[in-house]
Each structure stands twice: as C-alpha cells, then as structure tokens.
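The next part holds the structures, each set out as structure tokens.
Shared between the two complexes below is subunit A, which has subunit B as its partner in the first and subunit C in the second.
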Partner chain A sequence: MKERSIYAIAGYVATLPALLLVVILLLFPMLQNLYYSFTSWDALTNPVWVGLENYKELFSDPNFLLSFRNTIIWVIATLVFPVFGGLLIASFIRDLKGEEIFKSIIFFPLAISFVSTGIIWINMFASNSGVLNGLLSLLSGRVIKVQWLAEAPRNTYSMIVAWTWQQTGTNMVLFLMGLTSIPRDPVEAALIDGANKWQTFRFVTVPMLRPITTVVIAQALVNSFKTFDLIYVITRGGPYRSTETLAVTMYRESFTMFRLGYGAAISVVLSFIIILISGFYVRKQMGKEQLYY
Partner chain B sequence: MDRKILSDSRRQSVIWPRVLTYLVLTIIALLWVTPIYFSFLTAFKDMHDYANQAFYQLPARFAFFTNIAQVFKQYKFDDHIISSIFYMVGAGLLCIIFSCLAAYGIVRLKPRGAFLIFMIIYSGTIFPFQMYLIPLFKFYNNVGLYNTRLGMILVFTAITIPFSLFVYRGFFVTIPREIEDAAKIDGSGPFRTFLLIFVPQATAPTAVVMLFQWSWIWNDLLFGMVLTRSNNVRPIMVALASMSGIGGCSITLQMTGVILTSIPTIILFILLKKYFIEGISGTTSLK
Partner chain C sequence: MKKVFLTLLVAVLLVPVVFAQGGKAKSAADAPVVLVHDKSGSPHYQPFFEGMAEIIEARTGLKMEATAYPSTDVYMAQVRSSMVSKDAPGLLTWWSTYRMKDMVDSGVLADTTELWDKYKDEYPQGLREAFTFDGKLYGFPYSVEYWVIWYNKSVFKQYGLQEPKTWQEFTKLSEKLIANGVTPLLTTVEGRWPTFIIFEELVMGEDPELYKDLCEGRAKYSDPRVVKTFKLWGDMIRAGYFTEPGTDVWAAGARDFNQGKVAMAPFGTWYMDTLTSNGVAEENIGAFILPSQNPNAGKNVITEISPLLVSKNAANVDSALKIADYWMSAEGNEAFAKFVTFYPANQKSGTEFLPEIKKEIAATVVGENYQVSNRYWEATPTPICEVAVDQFAKFMINPDSLNEVIAELDRVADNYWKAN
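Now for the complex of A and B:
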C-alpha cells in the first residue's frame, strides 16, 4: 500500500510540469480567448462585454466574407493538388527504378520553412524580372509580363502553386506508405481478370487505401484552413486585403488594427471549423478501431 | 507462376506506358527543381547583374559572399540566429524532459486520473494557434514576459509538449514490464527506474521529437511576430519575413537569406530522415 502511494505521488510529480505549462499557456488562454470574442477591446482600455455583436458583424463584413471565400478556395485546391496529386505521383513512382530520386525531389521543399517557400516563389512570380514570366517569354518569343500577385483572384491561385510545391511531398510519402501496406494479390487478380490499370487503381487500390486517405485528408484540411505564413510572406494578405484567409484576417484585425475582440471572434470561428473536422476524423478512426478489435 | 505469365504476355504493351511515366515524372521533377535552381542563381548575383542580365544567365560577378555579409549586417542575422538556436536548445530540452517524464508518469506510474491528465495535455494539439495569440499577448505584457527570451522558450515548450507526450507515450507502452519489475525488486525507486531504464531506451522517440520540434521552432513565424519586438529576441523567421514586401530589400538578398536559414532544417532532415515517416505516420497528429 505504501509503495503504491509512493508511485502514485511520483506519477503526479512526473506529469505536473507538462500539465502546468499546457494549462497556463494554452488551455487557460484558450478559454480567455473565447470570452474576449464576446467583448469589444482595443488593448488600451478594458474589454467591454458586447454579447454576440462581433459574430453578427462577421457575417456582414465584406473583408471577412472575402477571407472566408479565399479560405475555402485554399481548402478545395489543397484537396485537388497536393492531396490528389500526391496520390497520383505516389502510385506512379512506386516500384519504378529511381523511386528514391523522384521521392527526394518532391519531398525536398518540406525541409524548408513556409517563409522560405514564400520568398522562393516571390522570385518566381515577380512581374518584371521574375523567373516565370522570363520562362514564358522565352517559350513564346514575346515579352510576357503577367501580374501574378497583384490581381485577385489570380494572386490566390499563384500562391496555391507555391503551397502545392511544398505540400505534395508529405501526402506522397504517406500514400507511398499506404501503397506498400496493400497486399499485391487483389491488384494482380484484378489485372488478370482483365481490368485495365485505371479500373484497378480506381476500384481496388483506392478503396484499400481508405485508412491512410482519411489521415491525409484530415491533415490537409486542417492545415489548409490554418494557412498563414505563406500568404503573410508573399502578399501580406493584399493588395487591398484580397488574398487574406481566416488566419491572416485574424492577425490583421488583432495585431495591426488592435480590434482584439473581433480578432478573437475570427479565431473562434476558425477553431470551430477545425474541431469539427478533427472530431469527424477521430470518430471515423474510432469506428474503424472498433471494427478491428 | 502467375506473375511470370502475366509479365511475359504484357511485356510488349508495358514498355510505352513506362517511357511515358518516366517522361511525365521527369517533367514534374524539373518543375520541382526549377524554383530551387533559380533561388541559388539569384542569390549568387549582385543587384547590377540581376537588373541587367537575363534571368537565366550566370552571374558576371559571384556575389554570394558579399550578399551574405550584407544580410548579416543589414538584418542582424547573427542576433536572430543566436536567439533561434537558444529557443531550439532551451525549449527543445525542456520539452523533451517534461514530456518524457509525463509520458512515464502516465503510462507506468498510473496515478488516479492518468488518462484524464493525458487528454488534458493532448487537447493542446486540437486548437489552431490563433486561439492562443491574443490572451498570450496580454498575459505576457502583464507579467513582463513580452519580448523576452524566457517568454519565447516557455511558449515554444508548451506548444511542443502535447505532440511529444503523444510520441513518448506510444513508445513507453511497448517497453516490457518485466524489466521494470526487476528494477523495482532491486530496490530502485520510480525516478531511478525512469533514468536507468526508460531514458536510455528512448532514442527513437527522442529523434522523432527533435526532428519535428526543432524544425518547428526554427521555422516559427507567428509567435515570434506576436510576442517579441526587438532584434535580439525576435527569432530568425521574423527577420527573414521582414525582408520581403514593402520596405523589404532586394530579391538577391532575400534569396541569400532563404539559403542561409534553410541549412539547419535541411541538415536535420538528412540526419533524421528515417524518423520522419515514423513521426507523420505513427502519430498523424493534426498539427
């Protein structure tokens, strides 16, 4: 009995530092933030309770609505390019001679920061002496000066190219892992039965990849909803706030305009969406585990 | 048998798709390499060459080293790099110690409510960082942690603990109980057992944690922007980000900055490459 209690006390002591740091610096602030979202607050005076005012304002604020629309564009584009693209590349390079080389090349941008990725693509997209316009001019024989980053919605699409460049690698690696875990027999059986490559891929491989696909999609959704660094570095959300996403709008309202209550409300909306997705993902995972055990 | 027949009968029809696959993949690989190639090319030029040459021409004067000197001078890269290394070492160590200890406590000492404690800490991964920024900004201002290195270390530690705890927990579950029981019979107390038996075995999870958390701390922009102000506290990515946009510097210097600041994480990835898969697959944290 005495020994057990020593162990129990030691258990609390062992978990205490981690628990304290997380509660004080993350969880308590999170609750405070929820409170601030119901206040009007400029950082100088004390927050004033305004009830649902901030949330009402959100849905009539053209800046927020544009930001929300941009975020949705980012999310959809993420599913199409880095995720589906990652799956396609993974299934093509698998078992190919030189798999390692292709893999390393596509994977490489993941080792550098979003800030660096942003600047690398500023160099590509610059309108006067940028690489992309230079290459296009060379290929077409005319002088091409596309404003990749100045006009909406093209500037958002341009940044999604940069995002795809960086994000495809993770998904490809995860899908490759999933592909390796699939037994070969069903695929070969399908081929022998006369299914073509596409049919086999669509009706045998893809369904068997389900578990890993859930992970990849959930992760990609959450990450694309949170997009901040890349946009901040490339356009600062501009020009005229045309490329802002929720995370950028939140930063701007809070720390540039010091409308902290309003900024808090945006972060709550963002969290709400992300928790919905995560919850859906966890439920799917749980359901699957029950099936297996 | 079947496999052989299949491959023989299909050999003819298989060659052309193969060539096509290589062609497409090579084009994709080229698309991926192009931005990197031109990053180096731009970083090697001075402004004169950049403005007067075609974008694909090699520099007339190799200006990379002058650019490096310029970046260090103009943007105080040395200050920022020292700060960031400080955060990686400080927060990295604290995070490893605290989360490793907590995982041991939760998995092996099992005090009442151990699972609840785990869930509370792990819930730190669910919310986007935007949810913490405003209260942390206020709290740090009130207690004097705003714009201090200690403040940055504490926030980086707190952010990195939940994921690390998850990694260590997953690993400690797999260590057989017998070893621990033997130590117990020999009269070893809980923390002695932890130091002598659990810590020495935890190389793999520690490598996963180091790879992910060090590169995350080095690459962080958001907390650095919100919680710091002066040059000797701001982490490196804030300095790098300030080079772009209005009031920024020439693209040649920006690219030099990119190359310099990418070196540490690239080395980290090369050294710990085999732990990467473990990290993203084993945990699939929604981080």
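Now for the complex of A and C:
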C-alpha cells in the first residue's frame, strides 16, 4: 500500500506543474475574460459591471457584422484553397519522381513567420513597385497599378492568396501521411473493376482519408476563424475596416480603442462559434462509436 | 530502489516551491527611475535614452534606466495596466493632448504645472496648451517636429519649379508635374493613420481656428467650410495630385521619390531619415511649408509633439520629477534633441546640430510667425480620430463617398461630445 501511495503521490506531483500551467495560463484567464465581457473597462480604472450591454452593442454594430462576414469568407476560402489544394497536391506528387523536392518547396512557406509572410506579400501586392504589378506591366507592355490591398473586396482575396501560399504545405503533408497509410488493395481493386482515376479518388481514396481529412478540416476551421496575424500585418484591418475579421476587431477594440470589456465580449462570441462549429463537425464526422475508440 | 528514486523525485519537484521567495526590494530612493518607451524602430531610441541617462546622472546625481518595448501595441497595453500600480514606470513616452487625456482623467499622471511655470518663457503657448487639462499641466515635450512638404530638388529643377509661396503657385507646379507624368504628392491609406495628413493641412489652410474648433467639438464635419475643404481634396484626388491609395510610403515611396516618379512627400520633419536611409541624397532634398489655400488663413504649420509623461504612482515619482525638471531646461532639452536630431521643444535650446534643411524650416516657422497647430492624431479625441482615419481612407479611395463620410464623422463626433 505504501508503495502504491508513493506512486500515486509521485504521479500527482509530476503532473502538478503542467496542471498549474493550464489553470494559470488558460482556464483562469478564460474565466476572467468571461467576467470582463460583462464590464466596461479601459485598463486605467476598475472594471464596471454593465451586464449584457456589450453583447447588445455587438449584435447591432455594423462593424461587427462586417467582420463576421469577412470571417465567413476566410473560413470558406480556407476550406476550398489550402485544404482542397493540399489534398490535390498530395495526390499529384505522391510517388512522383522528385516527390521530396516538391514536398520541401511547397512546405517551405510554413517555416516563415506570419509577420514575415505579411511583409513579403505587402511587397508583392504594393501598387507602386510591387512585384505583381511589375510582372503584369512587363507582360502587358503598359503600366499596371492594381490596388490589390486598397480596394475591397479585392484586398481580402489578395490576403487569402497569401494565406493559401503559406498554409497549403501543412495540409499537403498531412494528406500525404494519410495517403501513405491507406491500404492499396481497395484502390487497385477499383481500378481493376473499371473505375477511372477520378472515380477511384472520389469513391475509394477520399472516404478512406476521412480520419485525416477530419483533422485537417477541423484545424483549418479553427485557424481560419481566428485569422489575425496576416491581416494585421498587411492591412491592419483597413482600409476603413473593410478587411477586419472577428479576431482583428477584437484586437482593435481591446488594444487600440481600449474598450477591453467589449473586446472580451467579441472574444467570447468568437470562441463560442469556433467551439460550436468545430465540435459539431468533428462529432458528426467521427460518429459516436469512433469518439469512444 | 524505485521507492527511493520516486521519493527523491517528489522532493526535488517540491523543493523550489518551499524555498521560492522574491528578492529583497531596494528602497525607492535607491532605485533608478525607470523610463519606458516603444521607440524600437529605426532609429532605435534605446542608445539615446541610455546616453541621456548618463548626462542626467552627471548633472543631477539621479539614475535613470530605459526599457524598450518591441511594439507600440504591446507597449500601450502593458504600460496602461501598470500605471495604476506601484510598478508604474517613472517616465514614459506617449502621445500628447487627447491621446493622453484618459490617463489624466484617471489620475495616474503627476502634475508638472510647477515645472512648466518655471520654464514659462522657454516654451511657446501652443505647446503649453497641448499639455493643459482643466488648468493643470501633465508631462512635458522632449522634442517637436513640424509637418512640411519634402520635395525632390532635381525634379523641381528639371521642370523649372520653385518652392511655392501661395496656393496658386502650389497648384500650378502640381499641374505641371502631372502634365509631365510625375505625381505631385506621396500619400497612402496603408497603415490607416496617414490618411489624416492632407485633411489636416487643408482644414488648417482654410481656417486654423476652424481646425481647432473641429478637433475640439465646437464645429461639425458638415460645417460648410469643412465640406468645402473635402470638395477641394476630392478635386485634387480626381486631378491626380496623389499616388494610388495602396502606395507604400516608406521604402518603396522613398525610392519613387528618389527616382522622380513622385515629386513631393507631406510628412513630419522626421521623414528626412526615411528618405536618406533609402538612398535619397541629402543635398537633393528640399522642404517647404504648404501655403494656405485661403489667403485669410495666414501662415500655418502642423506640429507633432513627442512627450514624456510622469507617473504619479511610481515609487520614486519625486526623482522622476527632478529628472523632468532637468529635461525641460534648455540644456537638458537640447542634450536629448541632439541624440534624435529632432527640434528641441525648449526655444532657448541650441539647434546647431540639426541638418541645414531643418534649421531653415525652424527659422521660417519662427521668423515668419507661423501659427503652430497640433497634429490631428493628438488634437482630436481618440475615439473620433480612429473612426476618422478609416473614413478619410474611404474618401481617398472614392471621393464620391463625401456625403456618407461626413455623415459618419458627424455621427461619431456628436456621440462623443454628447457623452463627454
């Protein structure tokens, strides 16, 4: 008994630091944030309880609704381009000669920080002396100065291109892992039975990739809902707030306007949306049986 | 053996908790005055503040330590939350007038009225007003900059242009530049804040008192004179006076300036560093102050004030105030201005260290009795300013949005002034 007690105590003590970190750095701030969302607070005076006022303001604020719309655009675009693009690239380069080289090149942008990526694409999209306009001018033989970042909604689409450039690599790697792990027999059987490559991919390969697809899409959903870094570096949510997403609006209200209670309310709503959608998606995909594997 | 190992492991993990304790605090009198700042860009101010700390120690015997923050956003959030506690820094860089008003209102700043009164004859009234709230003063300026029109001398020479003394001369030279495929002015909506630059110049150029009234809520954005200014701005946009809204005004903009693609850049006198560090030869840079489009408005120039604030809650606030006393003196103000090569705020400080072009600008401002007005970013309340810069961006991209922009500006301003 004594020996088992020592084991038990050792186990608890060994996990204590990690547990403390989670409580101090995650759970406690989350609860504190929830409290602040019901207050009016500017960090210079004590928070003042205002109840649901922040939430009422939120749902009637046209800027919040614009941010929500932009966030949905980002979510849809992320699912279509980096996710689907990652799957397509993984399917094409698998077993291709030079697969390792292609993998490295496509994965490389992920090694660059969001800030550096933002700066690279600012230079790509700059209307004066930007690489893209320079290339277009060279090819067309006349001066082209497209406002990639100054005009909505082109600015959002431009940033989605930058995001796709960076994020496709990680999805490609995950899908390659998935493709490597699925058995070849069903694929070969389908081909023998007369299915063409697209039919085999659509009806055999993709269903077998379901577990990895669930992970990729869940990850992409969460990341796209909280998109902030790239947008903040490239446009700061402008011009005239046209590229703000919920995360950028939350940041602006909290750390530019110092309306920390309102910013907290936005973060609570955003977190709720992410948990709801990604949780619903994962649960639906995995099924109850698979959840208790 | 396993039991012994596990027991030892538990003990090792718990030992730091048992013996953890903070270090013994120094007394407030011994501790150096902490100065915090966010000037971590180019140039980085840390060596300047460290150099100033040596001078301050030699002159006053007081020690000062500077701490740099990596970004302005992080700096503002962290400093604000520390101001209410005993960990408040002694001195902090900040922004003047309305950008510091909430700190004044929440009582976290030390009163520096006595210091301002001591140096009353050495600071212009306009500067004093920027730090005055309900008859008391807070903080002090460590430098000022003027907002001018930088121009490429080679481009001007090529097209036979002179520095304009009147608005008509300015429009004539701009039209000549446009006719020759050169964009007159370097402007942008990128970064959000630069959109107020032309707005403030034109409103001030219509009537400097209107500009002050607009900033302080005594005039509306739908005032006919403000609407007239917007319409002038819109005409200038349509005529091609400005670079594309998505223009990068820093490295790429300076290169365009150097290559003669754009002739003029309306920025603070600090912009000279941006030009020279991107390859523009100093001898090829000229500057003039934009003439007023309304001759009755007189001669006007925008100033940008760089303040240091003193925290009331700092443990060694008395030492911080003594440092502020020295820093406000002609000698102290000049000493730091030399590091940053900005204008000293104290008018009795020497300016021999400044580049010739900056000395000429200062001589013009003082010698020709320019009326000095505070920059829009600080001169108007932050909640209005933050919305305004976005609306100005909308207008710059689409001047036909005039009515929507003015309506929104009035709505935000009216709401603010009703509540305050």
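Everything below uses one rule, namely that the second predicted complex is superposed on the first by the 278 of 293 C-alpha atoms of A that agree within 3 Å, B and C clash if a C-alpha of one lies under 4 Å from a C-alpha of the other, contacts with A are read in each partner's own complex, and residues count from 1 in each chain.
Note that in this section a residue touches a chain if its C-beta (ideal position, glycine included) is under 8 Å from a C-beta of that chain, and two chains touch if they have at least 3 such contacts.
Everything numeric here is computed off the predicted structure, so don't read it as measured data.
Upon superposition of the two complexes on subunit A, a steric clash is found between subunit B and subunit C. When both complexes are overlaid on chain A, the residue A:6 reaches subunit B and subunit C alike. Once chain A of one complex is fitted onto chain A of the other, the partner contacts of A:217 are absent, as it touches neither subunit B nor subunit C. Looking at the shared chain after the overlay, A:228 reaches subunit B, while subunit C stays out of its contact range.
Of the two partner chains placed by superposition, only subunit C is touched by A:148; subunit B is not. After overlaying the two complexes on the shared chain, residue contacts for A:236 are found with subunit B and with subunit C alike. Applying the stated contact rule after C-alpha superposition, one finds that A:116 touches subunit B and leaves subunit C untouched.
In the superposition on chain A, contact of A:42 is made with subunit C only, not with subunit B. By the document's definition of touching, both partners, subunit B and subunit C, reach A:129.
In the superposed model, B is the one of subunit B and subunit C that contacts more residues of subunit A.
Touch criterion met: A:258 reaches subunit C, while subunit B stays clear of it.
Once both structures are placed on chain A, subunit A residues 6-7, 9-10, 13-14, 17, 43, 122-123, 126, 129-130, 236, 251, 254-255 are touched by subunit B and, in the other complex, by subunit C. Within the complex formed with subunit C, the subunit A residues making contact are 3, 6-7, 9-10, 13-14, 16-17, 42-45, 122-123, 125-130, 145, 147-151, 235-236, 238-241, 251, 254-258. Note for the complex: subunit B touches subunit A at residues 2-3, 6, 17, 21-22, 24-25, 28-29, 32-36, 38-39, 42, 50-51, 54-56, 97-99, 101-102, 104-106, 109-112, 114, 117, 120-121, 123-124, 126-139, 154-155, 157-159, 161-162, 165, 189-191, 194, 215, 218-219, 221-222, 225-226, 237, 240-241, 243-246, 251, 254-255, 257-258, 261-262, 265-266, 268-269, 276-277, 280-281, 284, 286.
Note for the complex: subunit A touches subunit B at residues 6-15, 17-19, 21-30, 32-33, 36, 43, 89, 92-93, 96, 101-102, 105-106, 108-116, 118-124, 126, 129-131, 134-135, 138, 165, 170, 173-174, 177, 188, 191-192, 197, 215, 218-219, 222, 225-226, 228-229, 232-234, 236, 246-247, 250-251, 254-255, 260, 263-264, 266-268, 270-271, 274-275, 278, 281. Against subunit A, the residues of subunit C that register as touching in their complex are 3, 6-7, 9-10, 13-14, 73, 76-77, 80-81, 83-84, 102-103, 106, 108, 189-192, 195, 243-248, 252-253, 255-256, 261, 382-383, 386, 390-391, 393-394, 396-397.
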